[in-house]
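Two complexes, one shared chain (chain A), two partners (chain B, chain C).
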Partner chain A sequence: MSAAEHSTSARLSSSPRSRLARVALQAATAMPQVVVGVRGPRGAWVSVDAGEILEGVVVTARRDGRFDIELHVVVRWPSGSLLTLADQVRATVKRAAGRAQLDGVLGQVTVAFEDVREASSEEVAG
Partner chain B sequence: MILLLRAVARLLTITLFVVLAVCGLAIAIFSIGGSRTGDFNLSGLARLVGLGELRSQVGGLLADLARPGPVAGIAVLCGLAAIAVGVLLLVGMLWPRRERLVVLERTAEGTLAARRRVLGRAAGALAEQARGITATKVKVKPGRWRGARLSVRASYSPAQESQDVRQRTLRALAPLTEAFGLRTRVRPRPARHTRKVQ
Partner chain C sequence: MADQTESVSGGEQSAPQPQGPPQPQGPPQAQSARGEGRRSGQLAHPIAVLESERGSTTIADVVVTKVASFAALEVPGVYGLGGGVARAVGDVRTLVGMSDSRTQGVSVEVGQREAAVDLTLVIEYGESIPQVCEAVRNNVIKRVEGTTGLSVVEVNIVVNDLSFPGVEEAG
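Showing the complex of A and B:
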């Protein structure tokens, strides 16, 4: 393997941390009440997995080998109770991490609702 | 006030850094010169900025300060004022900024936080469910240390009593305010136009 190929594969590699970031963000944004992840000021809330920038998720390593997740998301309004929605997001992330066999490294899940977006009339009706 | 102090502290910091950089640059340049004769050395720099005259002037002032008299009194007052300004600038630099993200809950599972806009929308939606309310305007003021304060202006139809409206609004907001320990202030006011159908 040449140096350039080695460098490219290193850049595109995944780690449990980055895979957890991807799994958590995908699980959260797949929920109908969650619109999108937020990049944050100067890209403070992004992670990189396999060379792809994931906006709205930050994964922090803990001493015990697990990873805490911060999700910064825009929610669709009306979304009901913020507390219930946060619990649903956490449960969804936990299930997704379990399916990806990453539940052993999942720590706390922080949910930050950064903005709201109006649901369209079809979304409200449907 | 804190914003002003913070701005002054920042301006002063930048100014002092610029002055320090210019002084350092001048000393470095004159040190490189290093000639023992002429003006292009540190002695020349001292002559150029008039350090000799400054020493004689300051020497006179210091002599006046050492003696009891009006100069000493003024110097004490100036010293105290300088300390006060320094303390104010420190307050301006160190006083925590008001966090725009309101932390609503911290548990072993994780933290729940929301921006003011999200919290305002949630509070407005709850408050508008109270009977007799025609419109609401919610302001969220995050606390400096934790939590937030909701300020709700509730417009009500003329048939309602102000106190009842206040109580009903507080009850409607309870799922949000009690769950997250938010302080709430409700200001009912009669609606000019009753737009909302109850």
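Showing the complex of A and C:
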């Protein structure tokens, strides 16, 4: 990456809020039970980081300097308890935020299950 | 669980019960899913299920609908969901991408802590309808309660058609 590109990238992704959005979404969708983030009605559930649209995550600033996160996701069927999965998502996001040194600004994490998708036969076999 | 009914019908299931706009949520156990909940497809926004110190968890109506659908179809003897006309219309809507076949024949009404499920089934000829309905009811309750944490207060079943071996589409 050239110095100019690095500078642009650094400038575009310098917001803790947008970085937190990316970290949270990547952490959640990396879980095997989570299929994808959902864009939402009229794109209401998207964030932008470094010029990239992140579907399924909304980050809202709080007065105390932290950021609350909403994750809107599709979950894979068969699934266990969604409440348990929501806690696992929160724990995963918290760990990922810690690795990104963003745990100091992480507020509450709301997990919204917007849809359920049947696993393909290959996924079940795998 | 309460008020579980089933019926065998030659026609379509009756229309959903009329209801007003969604109300602000009161104490979780104080409201009835049947009395104050919402019909699937009526609203896009999800329901609040659980609040914790670290955040809340919400589950959309369509998730409950699909879980009930998957649960019903898991039961041996169930050929499909939805009535004849509903399935035909639903098939067309699915083909053009307007709907998901997994929500055909399933209607849910969801409160903050409770859910009521209405199912329209096609059952394979030769199966005991009462036994299949009871198995469906048990599996729907187990799956919906286990997956979503909602308490299922009703599972109403309409057996709308029979499927005969070797016939592609019943009725």
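Throughout what follows, the second predicted complex is superposed on the first by the 112 of 126 C-alpha atoms of A that agree within 3 Å, B and C clash if a C-alpha of one lies under 4 Å from a C-alpha of the other, contacts with A are read in each partner's own complex, and residues count from 1 in each chain.
By our rule, contacts are C-beta pairs under 8 Å (C-beta built on N, C-alpha and C of every residue); 3 or more make two chains touch, one makes a residue touch a chain.
All values reported here derive from a predicted model rather than from experimental measurement.
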Which of chain B and chain C A:R90 touches, first, second, both or neither: both
Which superposed partner A:P41 touches (first chain B, second chain C, both, neither): second
Residues of chain A touched, compared between chain B and chain C (which is higher): C
Common interface positions of chain A, toward chain B and toward chain C: 68-69, 75, 77-78, 81-83, 86, 90, 108-116
Residue ranges of chain A in contact with chain C within the complex: 41, 68-69, 75, 77-83, 86-87, 90, 94, 108-116, 118
Of all residues in chain C, those that touch chain A in their complex: 44, 46, 49-50, 52-60, 62-63, 66-67, 70, 102, 146-149
Chain A contact footprint on chain B (complex, rising order): 101, 104-105, 108-115, 117-119, 121-122, 125, 175-176, 179-180
Complex contact set, residues of chain A against chain B: 68-69, 75, 77-78, 81-83, 86, 90, 108-116
